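Here chain A shows up in two complexes: once beside chain B, once beside chain C.
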Partner chain A sequence: MMRIVALAIASVAGLVMLLSPFFPAMESVGAQSSEIFNVIAAIAFILGAGSLVKVNLSRVGRRDTGWGYAFVTLLCFAITLIVGLGKIGVPPNPQFAATPWAGEKDAAGSAFAWIYEFILTPITSTMFALLAFYVASAAFRAFRAKNREAMLLLGTAFIVLLGRTFAGVWLTGGFPEWASGLRLENLSMFIMQVFNTAGNRAIIIGIALGVTATSLRILLGIDRSWMGAGGGSA
Partner chain B sequence: MSKEPRSPAILVWAMIVLAVAAVVGLRIGLGDGMARAYAERVEMRVTVQDVASPSGERVVEWVEWKSVSPAEFSRAVRESPSQDRVQLNPANTVGLWVAALLTLAIFSFLYRDNPAYRLAEAIIIGVSAAYWGVIGVWDSIVPKLFGALAHGWTTAHILPNLPAPTTQSQIGMGIALALGILLLLRLVPAVGGISVWTMAFIVGITAGAKIISHVESDLLAQTVATMQPLVQPADGGFWTGATLWASLPSVLVVVGVLCCLTYFFFSVEHKGVVGSAARIGIMYLMITFGAAFGFTVMGRVALLSQRVEFLLDDWLWLIDPLERRIVDGVSMIVGTGGVW
Partner chain C sequence: MEGVLGILERLDRRWVFLAMALAVAGPILVMGITRKTLPETPTDASRAVFQVVQSLPRGSTVLLSFDFDPGSAGELEPMGVSMARQCALRGHKMVFISLWPLGGQMIDQTIKKVLRADFPHLQDGVDYVNLGFQTGNEQVMRVVLTDFKRAFPTTKAGRATADLPILSGIERVGDFALLAQVSAGYPGSKEWVQYVVSASGGKLPMVSGCTGVQTPQLYPYFPGQLRGLLGAIKGAAEYESLINAWVSDPANAAEMASAGADGGVSAVIPPKYLEAQRRMGPQLGAHLLMVVLILLGNVVYLAQRRSQRRAAA
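Presenting the complex of A and B:
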């Protein structure tokens, strides 16, 4: 019974979103559904946070290997939550100075902005920066120009990389005007505007068709894998 | 299973820590030091209406701190040694050190996994989970849910200019609250199964919205963008090399899109004409992946250079590309004989 109701909810909600652009009377219902979705998505963050606390508390409680890191996670979670929800250090909003909590949560000088600027941003951007090393290392080990396709991939990556750097511009800067199309920056631009556009366009069209087909399968109740174990396909 | 010898690793770690400590020690001792943040005091004063006050008004005062460069602090002190308008910002100074140490902790993974990296990892997990939760509360739950279901309280304490909700939005937020509570029941194993109803709503809305958005902005928009005139007349006439050259990109794009789509079409065996088109499609796709790879590497290297710049500029004060630490033409790297 619970699964039948779930299927009905998914189909009705999806059909409302699908039909709302075509019927003016349904437009507001579609917009309202989006609002409900956004609020549920925000509540889902609370669910995720609750799950994180549950898992880490049990690790600390059992004194598992690395429980100290779990404790640090919980501590940082609690501090950020208190600082953010309590708007600690947030100056009043000059427009509504009489309203106690009207200040922006991430106003300059607030503790929440401090956490974003000095903890969240440095760690996340450094983690992404590390990928520069790993991508280069993986490419060096895995990329071999053993056939035509691999050579095309490698050659394009090489041209695009060099074409966007000072070294690339300098290397081919001496080419005469009639051969300016072969300068690395121009070659890189040509690849991006022609071959890359064509390839990406086909991929995007393919994704759009795939998403549409999958979504229709869900709305028609053919694909029930999202319900987890026992859902499956009809 | 052979156990890896520990001593070389300890030696390498000792060398890394000593090298960083030596650079920091040298930098603290040379020139005007390193890693300090300054801020300018800004007095704020606003008059607000207050029915409880005899005059009907009340003055609200507070102080805000605006970040300024070290050079501005130096100038302010030289103009008036006893000034307190521009001061050292202890919170941001500590922040610079925290950010630098966390950056180094993450970079330490390049050698191998270690406690400093794992500590930074534990910090980011806790901070980011709470960060996005807080964003969700202040950006969605408070203005939409509280704004509709507890409008009076929300406008009195948090968002004074929030418009009054309609009956429809109140019903909608009531449904959102009910579905949200069902979702949170997932944390209670005994009744967690009922959260599938909220999941159903999320899946249904996403599926419906994705069909519209992908068909409209991807399928149709990309198809329309491909349907452009193949011949692009250039100066000098139709049958000229210039026209041929100008038309080449349009032709190559159309051919490429059709060949790539042929490659994606698996209902027909890739033989004969279809096979040839699919092979051309593969070549286009390889070029696309190569370009994507190049761009990804470029993006990561740009991020890397930003982090290195942060360490050398904001933290160590070894470089000064924005000239924020030049006082009377002298760089603080070498020392301005100043007011620190």
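Presenting the complex of A and C:
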């Protein structure tokens, strides 16, 4: 019975979303469905947080390999949650001076803003910056001209790498006007706008057709894999 | 020669890391000391972003969606700064939103850096507003198509959007003159194109700035659904150079003055408006090193293959 209810909800919600752009009378119903989804998505945040705590607590409890990292995760999660929900150090909101806790959780001077600016921002920026080092190492060890296709790929990479910097202008900027198409920056743009666009359009159209087929299977209740174990196909 | 090849063959990856650090740090130091940047030749896609914002009538209301976080701020923050700056210079009203949880803070930083610092006469809620983050990804896009204020009932500071002066006359996303979006991934430019621009029947013009990884995926939408496209830090630098050239042109002095830009036309551009162009130096160093490393790696590979063939013969 529960499976039938779930299938009915999925089919009706999916059909409403599918039809609402084509029928103006259904626009508000479509927006209503989207709002319901947003509420469910907000609840999913709570589920996600619960799952994070559960998984990491069990790793700490069992003293698994790397349990220290799990402990740090839990500690950071707890501190951020308390600081955010408790609005620690948040200055009062001048628009709602009489209302306690009306200030923004991440207003300048608050503990949450401090965590964001001096912990989160440097950490995420550092993680992203580390990519450059690993890409450099991979460039030295993995980008090998083993066959014709690999040579084409390498040639394209050289053109784009040089064409996207001042090196392209410096190396080929002196080419005469009639040969301007061979300048590295122009070649780079040509590759991006012609070869890349053609390939990507083919992929996008293929994906769209696949999504359409999969969506129809779900709407019609043929594909039930999204229900997890016990769902299966009709 | 064998000796050099042997060294390259056994090269510890930490030497590669060191070379990358030097290739990036060198240009940063040189550009920091000399305060000079490399010249930029804007591509059509970057020029289009500048021209679309310029061509809007003064006082148009622009929706700016900052869908990124600090992880990609190195590439994308200069784009957001430049978009806000050009809108302010042109006298456009700016409604900032984000579909990324940390995007609200990125907007705050941009407002502080650009609007409060150089356009202090602009009023929050009248000339610009930060509506902050809204959860729901594509579903938020679906809702703004029919009822913008329903998706964003309050500002980030908690004010109701129903009576905000800047949103008077805005019922749905199609009422904005332009959607300017900065994208770090999902949800991002692709979703905005698919769920909003296409659904609006092409009535809502959109320009986008995105990371280098996303750029090849977004080119198929330019110049159709996307009227302009800034690809990675290179696109940001080109866009920044276009705005700086416009600001430095005495012919635009009257317009600058009417926009209330602090300082008016100036040949000296503040460092915060040269960030993207300054970052092209480290990019040049890193790209050149990558080319050299690929070449060296292939020299080693070819030498290895030759020696294997000789041994087999």
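Basically, the second predicted complex is superposed on the first by the 220 of 234 C-alpha atoms of A that agree within 3 Å, B and C clash if a C-alpha of one lies under 4 Å from a C-alpha of the other, contacts with A are read in each partner's own complex, and residues count from 1 in each chain.
Everything below uses one rule, namely that a contact is a pair of C-beta atoms (placed from the backbone, for glycine too) under 8 Å apart; a residue touches a chain by one contact, two chains touch by 3 or more.
Being a predicted model, the structure only gives us computed values, none of them experimental.
Chemist: More residues of chain A are touched by which partner: chain B or chain C?
Modeler: Looking at chain B versus chain C, the one contacting more residues of chain A is B.
Chemist: For A:V169, decide between first (touching chain B), second (touching chain C), both and neither.
Modeler: Touch partner of A:V169: chain C, not chain B.
Chemist: Applying the document's definition of touch, where does A:D64 land relative to chain B and chain C: first, second, both, or neither?
Modeler: neither
Chemist: Kindly classify A:A102 by the partners it touches after superposition: chain B alone (first), chain C alone (second), both, or neither?
Modeler: It touches chain B and chain C both.
Chemist: Check whether A:R141 is in contact with chain B, with chain C, with both or with neither, and answer first, second, both or neither.
Modeler: Touch partner of A:R141: chain C, not chain B.
Chemist: Of the two partner chains, chain B (first) and chain C (second), which one does A:S28 touch, if any: first, second, both, or neither?
Modeler: In the superposition, A:S28 touches chain B and chain C alike.
Chemist: Applying the document's definition of touch, where does A:I218 land relative to chain B and chain C: first, second, both, or neither?
Modeler: First partner only, chain B.
Chemist: For A:L120, using the defined touch cut-off, is the partner it touches chain B, chain C, both, or neither? Pick first, second, both or neither.
Modeler: Both partners.
Chemist: Return first, second, both or neither, reflecting whether A:T197 touches chain B, chain C, both chains, or no partner chain.
Modeler: both
Chemist: Jot down the residues of chain A that show up as touching in both complexes, chain B in one and chain C in the other.
Modeler: Chain A residues touching both partners: 17, 21, 28, 34-35, 37-38, 41-42, 45, 95-96, 102, 116, 120-121, 124-125, 127-129, 132-133, 135-136, 139, 154, 157-158, 161, 164, 192-193, 196-197, 200-201, 204.
Chemist: Once bound in the complex, which stretches of chain C touch chain A?
Modeler: Touch residues, chain C against chain A: 11, 13, 16-17, 19-21, 24, 38-39, 41, 43-44, 69-74, 102, 104-105, 108, 134-137, 139-140, 142-143, 145-147, 150, 156-159, 199, 215-217, 219-220, 222, 231-232, 234, 280, 283-284, 286-291, 293-294, 296-298, 301-302.
Chemist: Quick check: in the complex, which residue numbers of chain A touch chain C?
Modeler: Contact set of chain A toward chain C: 17, 21, 27-28, 30-31, 34-35, 37-38, 41-42, 45, 93, 95-96, 102, 104, 106, 113, 116, 120-121, 124-125, 127-129, 132-133, 135-137, 139-146, 154, 157-158, 161-162, 164-167, 169, 185, 189, 192-193, 196-197, 200-201, 204.
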